Amino acid sequence: MKNHEVRKIMHVITRRGMTVNELVKEMSGSGVMGAGSLARAVDITEAMIKDKDCTVFLGQAGAMVPGGMREILIEMLESGWVDVFVTTGATLTHDLVEALGFSHYQGNADADDARLHREGWDRMYDSYMPNEVYPGIEDFLSPVLKGMVGREWTIREFLWEIGKNVKSRSLLKVCSEKKIPVFCPAISDSGIGLQVWGFIQKHKLMVSAFDDLKEILDIAWTAKKTGVIYIGGGVPKNYIQQAMQFSKQAAYAVQITTDRPEPGGSSGAPMREGISWGKLGYDAKHVDLFCDATIALPVMHAALKERIQ
Amino acid sequence: MKNHEVRKIMHVITRRGMTVNELVKEMSGSGVMGAGSLARAVDITEAMIKDKDCTVFLGQAGAMVPGGMREILIEMLESGWVDVFVTTGATLTHDLVEALGFSHYQGNADADDARLHREGWDRMYDSYMPNEVYPGIEDFLSPVLKGMVGREWTIREFLWEIGKNVKSRSLLKVCSEKKIPVFCPAISDSGIGLQVWGFIQKHKLMVSAFDDLKEILDIAWTAKKTGVIYIGGGVPKNYIQQAMQFSKQAAYAVQITTDRPEPGGSSGAPMREGISWGKLGYDAKHVDLFCDATIALPVMHAALKERIQ
Amino acid sequence: MKNHEVRKIMHVITRRGMTVNELVKEMSGSGVMGAGSLARAVDITEAMIKDKDCTVFLGQAGAMVPGGMREILIEMLESGWVDVFVTTGATLTHDLVEALGFSHYQGNADADDARLHREGWDRMYDSYMPNEVYPGIEDFLSPVLKGMVGREWTIREFLWEIGKNVKSRSLLKVCSEKKIPVFCPAISDSGIGLQVWGFIQKHKLMVSAFDDLKEILDIAWTAKKTGVIYIGGGVPKNYIQQAMQFSKQAAYAVQITTDRPEPGGSSGAPMREGISWGKLGYDAKHVDLFCDATIALPVMHAALKERIQ
Amino acid sequence: MKNHEVRKIMHVITRRGMTVNELVKEMSGSGVMGAGSLARAVDITEAMIKDKDCTVFLGQAGAMVPGGMREILIEMLESGWVDVFVTTGATLTHDLVEALGFSHYQGNADADDARLHREGWDRMYDSYMPNEVYPGIEDFLSPVLKGMVGREWTIREFLWEIGKNVKSRSLLKVCSEKKIPVFCPAISDSGIGLQVWGFIQKHKLMVSAFDDLKEILDIAWTAKKTGVIYIGGGVPKNYIQQAMQFSKQAAYAVQITTDRPEPGGSSGAPMREGISWGKLGYDAKHVDLFCDATIALPVMHAALKERIQ
């Protein structure tokens, strides 16, 4: 490997008033460690969004809504950057909470949790949610669930139906209005799920655990090319990864996580591991970005806005 | 805080031929950092198992079966230490794979993934699974799924039914035989799920996404006391945590994870955070053990075997 | 804690062409998890730089020069933002390497290390240094070291002397020219140290291991107020922390690290732990930012440039 | 790679009363993830200790003494398993503290640090040190330092001299009595260093920053083979690594750390990265164990005691 085959590291130079994308370009010129991975993540995401043949799957786990990332996620869906959204019940619940007019609050990771409990605050690291949201979710969902009785639903249909009834701008509403397939295999594992629990004590609701597989595999099969973006790991990442495995290998892959690979789980596994499974193409453009997503996402989103109309 | 209120750190002393429990006792005498947390994890797990009033919920995520922990998990269920098992589709799939006579293999985390793909190896860090398992799973599951047509199933019933048909000792078989409730909200997110996908192209299978909530919440409500053990985080941890939140606060909690709390997600959250949600009692005995579970579990299991008949 | 005592999380909104500082302000409005900590780190750093009574100590460990951060570090010193610089021998060596006209290169973390060795590349994750630098360092340092024979040196004086002889813009030269105290307790642990090893086979060089303590403690004692910034941990962090302990508690503290606190070491310890030692004031403004420094530093530096003339 | 070239994962089986080494053997049969790495770490350490041609270098950073590992470290030196010890000033200071009759105490990582400060406790995660140790260190060291005036010392000689004066069993005393070279490049960065600071206000102490390089490089050069064990990273790891780089490649390498490689620093770098530098042989037996050392060390030490007379 002679010198001219490797590029020099151009140290990052900052300028007063520089834009976010200009900073990411500097990181690209440096090209190594976190900065290099972040710049690469923006490049690959830009490529998969601009690639007209590419169906983009976004898998998201982790406290993004309590973490202040709600607006960014909604925009990624509204702007058409993301074609398929796979997420957790927690994200959809916190999104619904805000759509119903509640807020999340800036708290303290070292707070006295017993005192928070007495005062009605549910803590997620240094983010608080007032537990008065639960009656609010119930008041909203009860009539919606009642309207669902009598037919079978896939989880995706179930979620679009909820989104149809949400009045405020939100992840659920955007997916419903713009017909963006939203999958949440573990929807029962959430505040929304717990509301359904309350409902099904007295009513029958038929929502299928498996039928969404037909829809997501169909999308993956018919796509010309696929690109994946993972914020965190968990079920969303694996659900998309297995869709890739059983259809065609992804051509683009970006992963943002703080999980470690050594324990062997899917969440911390680097993207290249998927090549062995047939989830990722041998020549796919991929990157693993080791970074808290509440730092990476804003930087990436702002930079992408400068690059994409 | 005068001196006599805190205990001295008694440095760990090892002895040739000492048993695992003797080593854990030494760690207890040291009582700080990883050693202290590991010793406390054994103490609290021992306490919740020996407490006749306590219903023990085990939530497990991560590559425990590909990680060599299958026997330990099966024994924890067989021995009656665990009353409720919540896990991932991946764990149940890998368990089924071994039950069908296949094995996982010792590989290399730095392997050439394209070469592994060509040779038919699916990599999970340094653990390999031969992809010939997929036809094997299909051959086994097809008749079982056929027999499930025509009635509705909860996921727990679905899993016991599979377990009933598994001939070899396995997690699925043990849960089925000993009537241990096994919950897997995201069962569609797995190899088993993908087999179902193949099946439902031509058949109708009615498995409910939500109905298990009635069963797990019922168990949590009727339990006199509850104890939780989390190996990894993800859906299993949250599914149990929310059951605690909507029934009674857990009295014992042990978490083994390598996830970080700063990104705010549930997986890396310390147990005490659950106090704010009402998931854990103010005076609960709890510990967060920062350790790879394939190291912690064997040590804990061997030590517990010395303490529990 | 009534609602009006906590602030709502204002979700981060990105705008096309927004500056880095504008993005950080958005993160401040969100105020939680990584984004909140990053915004707070910028605020506290801004405060300590603008505080005319505050002496700012920067402790830096980790591969910042091979990581493309050299220009940013030089500017932080040149601009007068940092009053005292404590670093590792590795940083000063890599800085010298670039000052002598060599470069670091963009490589691959999954490279074949044996092949890299044969080809003369020293790897630091995905950053490469050509090992032809060693003769270069020797050619430069030999005459400088020769000129140091015959008197005693503190390490700080030793480093300023090297810096005096460096022709190109560099950390060493800036510290020397602007008389910025630069401390490196473990200078022997570095490429520069190894050059000295070669030199002292035949010559006597008297550099004191301890005498710098007088200088740094004197600076800490006479400072009206102190502020500390830690990039990584190790010796630089501890050397400054102990200076705080034995003089006055720091009033401002910012830590950027990916190290964990559970193993108990100083590197991963949160800033508040220093309060117990008297290293940090009870009311000090402090933050722990869990982030790769090659991502955090550029963002912070660009944002600070908008805030500070 | 046909099946017979890879080994099956034999799931870990625990037995009541099994010894620590028996458990490690089980982990070896599983051979993957943390368990596999831990087992391999024991195997490689055993090999380098039993190899009569091998000079074993132990580099140790992190809070091992406050973490209850003092006895194990002393025994590793006493038993002749370790030929060269490179450590931090913190370890030697905490060791001296205990040698002088003080103890470390079991505390709480969530303690109120301001209260601890008022009560005189210095916190290291959940380990406490009473700050009354400082006068104790001073009383002990003053006469020893006085006796050192008037000649030049290398740091290693300085440390053996202190060890000569320590009456109780300790790391310092063992190194001194058994003439085990102990290196601590950053000795000034410690409580011992701060005592020297107090001393040199009025006295002159000549301790060389660089001269130890001659001794450690000489040991590395004359060794037939070298093996390295790293507990944590920092200066100890790098000081040994560079000695390997400038003498002969190590034949055995074991690293126990929780640091991450992505930020690019030496501390989290995997052992194989050293192959590119010539620090590790192409065919060296090496392993990276991702584990808290207060868990790994006791397990490894107990297992090794069964294997080594």
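Things worth noting here:
Going by the order they are written in, the chains are A, B, C and D; count residues from 1 in each one.
In the analysis below, a contact is a pair of C-beta atoms (placed from the backbone, for glycine too) under 8 Å apart; a residue touches a chain by one contact, two chains touch by 3 or more.
Fair warning: this is a prediction, and the values are worked out from it, not measured in the lab.
Identification of common neighbours of subunit A and subunit B yields C, D. Under the contact definition stated at the top, the chains bordering both subunit B and subunit D are A, C. The most distant chain from subunit A is D, comparing centres defined as mean Cα coordinates. Subunit C and subunit D touch with mostly matching residues; of the residue numbers seen at this interface, over half occur in both copies.
We define each chain's centre as the mean of its Cα atoms; on that basis subunit A and subunit D are separated by 42 Å.
Subunit C and subunit D have centres, each the mean of its CA atoms, that are 25 Å apart. One inter-chain figure worth recording: subunit A and subunit C are separated by 34 Å, centre to centre, where each centre is the mean of the chain's CA atoms.
Of all residues in subunit B, those that touch two or more other chains are 32-34, 63, 66-67, 110, 116, 121, 125-127, 258, 260, 262-264, 272, 290, 292-294. Contacts from subunit A toward subunit C in the complex involve residues 1, 3, 6-21, 23, 26-27, 29-36, 38, 63, 66-72, 75, 103-107, 110, 115-116, 119, 121, 125-128, 130, 258, 272, 290-299, 301-302, 305-306. Looking at the complex, you find that subunit B touches subunit C at residues 32-34, 37, 110, 260, 262-264, 290. Residue ranges of subunit A in contact with subunit B, taken from their complex: 61-63, 66-67, 90, 109, 111, 113-114, 116-117, 121-127, 131, 152, 155, 158, 185-191, 193-194, 196-197, 200-201, 205-214, 217, 232, 234-235, 238-239, 242, 246, 258-269, 272-278, 282, 292-294.
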